[in-house]
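Going by the order they are written in, the chains are A, B, C and D; count residues from 1 in each one.
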Amino acid sequence: MKNTKTRSRPSSARRGIRTARTDSHTYSDAVADLVEIGKGFYARGWVLGTSGNFSAVISREPLRLAITSTGLDKGSLAPQQFLEMDEAANVVRGDGRPSAEALLHLAIARGVDAGAVLHTHSVWSTVLSGSHASQGGIALEGFEMLKGLEGVRTHKHREWLPILENSQDMIELGERVSKTLRDTPGIHGFLLKEHGLYTWGAGLQEAKRHVEILEFLMEVLVRSGAAQSA
Amino acid sequence: MKNTKTRSRPSSARRGIRTARTDSHTYSDAVADLVEIGKGFYARGWVLGTSGNFSAVISREPLRLAITSTGLDKGSLAPQQFLEMDEAANVVRGDGRPSAEALLHLAIARGVDAGAVLHTHSVWSTVLSGSHASQGGIALEGFEMLKGLEGVRTHKHREWLPILENSQDMIELGERVSKTLRDTPGIHGFLLKEHGLYTWGAGLQEAKRHVEILEFLMEVLVRSGAAQSA
Amino acid sequence: MKNTKTRSRPSSARRGIRTARTDSHTYSDAVADLVEIGKGFYARGWVLGTSGNFSAVISREPLRLAITSTGLDKGSLAPQQFLEMDEAANVVRGDGRPSAEALLHLAIARGVDAGAVLHTHSVWSTVLSGSHASQGGIALEGFEMLKGLEGVRTHKHREWLPILENSQDMIELGERVSKTLRDTPGIHGFLLKEHGLYTWGAGLQEAKRHVEILEFLMEVLVRSGAAQSA
Amino acid sequence: MKNTKTRSRPSSARRGIRTARTDSHTYSDAVADLVEIGKGFYARGWVLGTSGNFSAVISREPLRLAITSTGLDKGSLAPQQFLEMDEAANVVRGDGRPSAEALLHLAIARGVDAGAVLHTHSVWSTVLSGSHASQGGIALEGFEMLKGLEGVRTHKHREWLPILENSQDMIELGERVSKTLRDTPGIHGFLLKEHGLYTWGAGLQEAKRHVEILEFLMEVLVRSGAAQSA
């Protein structure tokens, strides 16, 4: 996977034509990486149906995200099925509508200064976010795998994975996401109840790693019987 | 996947030669898509043995379906292993016999005006259709994944997945399928006990999405312990 | 997969040079098919380590089998890793030793007139053959998938899958296999305790289908909780 | 997979330039094999995140290992992401740092005279090493699959898989690994609690086979309910 640079390099010529777009090269690199990530996640069953959505920050000032259009098969994404959107979820490049959950991606990109946001929708997260909803979250502790989360240095780390009630009101849900990010600093992801996982990273590589780690640990919990005893 | 057009475009020349066949292009596009769908489902273990069968409506007036021949390995389908059949399950293109369950495909194509019908035979549907048979069906509710079903707008939707007793008498079973479609409007699929899932869509993309969503939700239920506690 | 012809077509010229070998084309076709089967089974986790072994009858009179050499990675078999052996397990083509279980393949080829014998070693068969050993076998009944077994016409069929005690004495075990085939006519496979599945067919396609069906049904039983309640 | 030769063939010319490096051909062959092993293990979910690490001994006198750099995606390793290190974990070829667990690889290479060391981090080993930690290890007995472990001749073999407490102090942990290898001769692997499996072999083929066998048997135990009843 190529490095996804998060700084825009606007040329004055292009800026003259359409101010809001970022560098095409940065955009197309991010999109190419997201296409590959989609294939891999689909093969593992983490984004079946048209579930899941992915974004990468391609500019900070102003904030611009490359993001999947709504309603797509994530196993066979094409570059033209991506959009560039601004900080208010307006489309500034590409056709179609952004994912319904675009506001959550923006809330995360701003709330934790993420360079990439990945949302998967696995069997494991659906099971656990249902069984543990009344506890408000899931504690992950003692696992070596936790060391793959950015900034974690020991398996003794205790990671809290909050579970938020699901909603179809994305403005309201986006605000709860922002509040969760403020109230529980240091978390690496959260679950929406019976919906799935949101995680992020400074770049796409880190966000992909966080998906693999958190999905792995949720699978461990389910196979250890955690869903039955919750 | 290419769009599977459901309207026939008969040319008078071809019509003069063999009235009942539909446009070859429409047919071969549908078959090519079904070959790909078969490969993907086989890889996931949803059509092992020679289980499963797939069809696409390639003409409404008169009704014509492209459908898999009987007894094939769904992981390596070849275009010549498909047939075109008419509304009475007569073969009007290709060699061999249609799937034994051709009458169910016809019942669904007529009953819900489906453009494509997909039948999978997974471990999950076999387990759940056995454990829940006495309840007559399975209720799916509260899952975000439900929103991928056509027409569903919220995770609060309650989807009823009826379970029909299995039978080798396809005329009798076809009538029960038709009755189920009439009696439970709005459903997106049904199970045959210890046999598998039937689902459909306006086109192949939608039907494939419905397979993925319903198989996913059945896997969630089994892994949540639903089969043991039924 | 190409059809695996089970009749030898010895040319007098070749027969003059090495009497015992069968037609090279028949042999290499069978081997090519077995290589593909190995790849697919390995991907599903049914022949990990160097477990599993495969054979195809390439001549009846005299009896000749193409069979995997011992101790190989079944995910990356090469044609030169196969042997041709006669009815006494002597190697008549190729280098190396036949699988330790060659005598079982011969017992099955003779006992049920099989054209192909496939032995897999899955998690499902290992679990169930342990949990059900004291019952002497596993009853499979009511499943539509049973109809994929050769000669079975209805899901109401009751298939008995005998479990034999494992042994390292292949002569003794081969005799027990022969006795099991005589005493329980009509079976499509058997298990060796905590070892795996043997199944067969008139040809390789049929034997592969039987593997998929029996592995599927064992997975269904394990996921239904059968191993815990046995 | 090519044979990984464990003897160095230093040319006097190269030795004159950089004493510590071993033959380039031996090194690049080992690295090519490890790249393939990484892809396969990643596909099975045994090295998600950046977990797992692999090494091959490419010289005995002096001791030299080809080993993965730290923090890599094991599904898409490139040859330049490997290092050659000496018996004190100094890098003598390539850029970057060796895996944090390089000292464990050295302890195993010396302790059991291994030619290759593979560390996987599967769901199965994470679950079982947690559930069985208080018992100090896991007994594997009665399984035919055990015969794939080097030197084992019968399924009646009892394999002891020790579980060591996890640690971030690699010097201390390396000493405990060395002690375990001395105190329990004949073992083929060990687990680090909630961390994963270490196994080895005379060469890479054998080590890969041991991974597959031990991961398989751990999956069998978990699916048999061993984690719940421990």
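The rule is short, and it goes like this: a contact is a pair of C-beta atoms (placed from the backbone, for glycine too) under 8 Å apart; a residue touches a chain by one contact, two chains touch by 3 or more.
All of these numbers come straight from a predicted model, not from anything done at the bench.
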Tell me whether subunit A and subunit B, two copies of the same sequence, contact each other through the same residue numbers or different ones, using over half shared as the line for same. different
In degrees and to the nearest 5, what turn takes the CA positions of subunit B onto those of subunit C? 90
Here the gap between subunit C and subunit D, centre to centre from mean Cα coordinates and rounded to Å, is 33
Among the residues of subunit B, which ones contact at least 2 other chains? none
Among line, ring, star, complete and other, the chain contact graph is ring
Pairs of chains that touch, anyone? A-B, A-D, B-C, C-D
Quick check on the complex: what are the subunit B residues that touch subunit A? 1, 40, 44, 142-145, 148, 153-155, 205, 208-209, 212-213, 215-216, 219-220, 223-225
Subunit B-touching residues of subunit A, taken from the complex the two chains share: 45, 48-51, 73, 75-76, 121, 123-124, 126-127, 130-131, 166, 168, 192-196, 222, 227-228
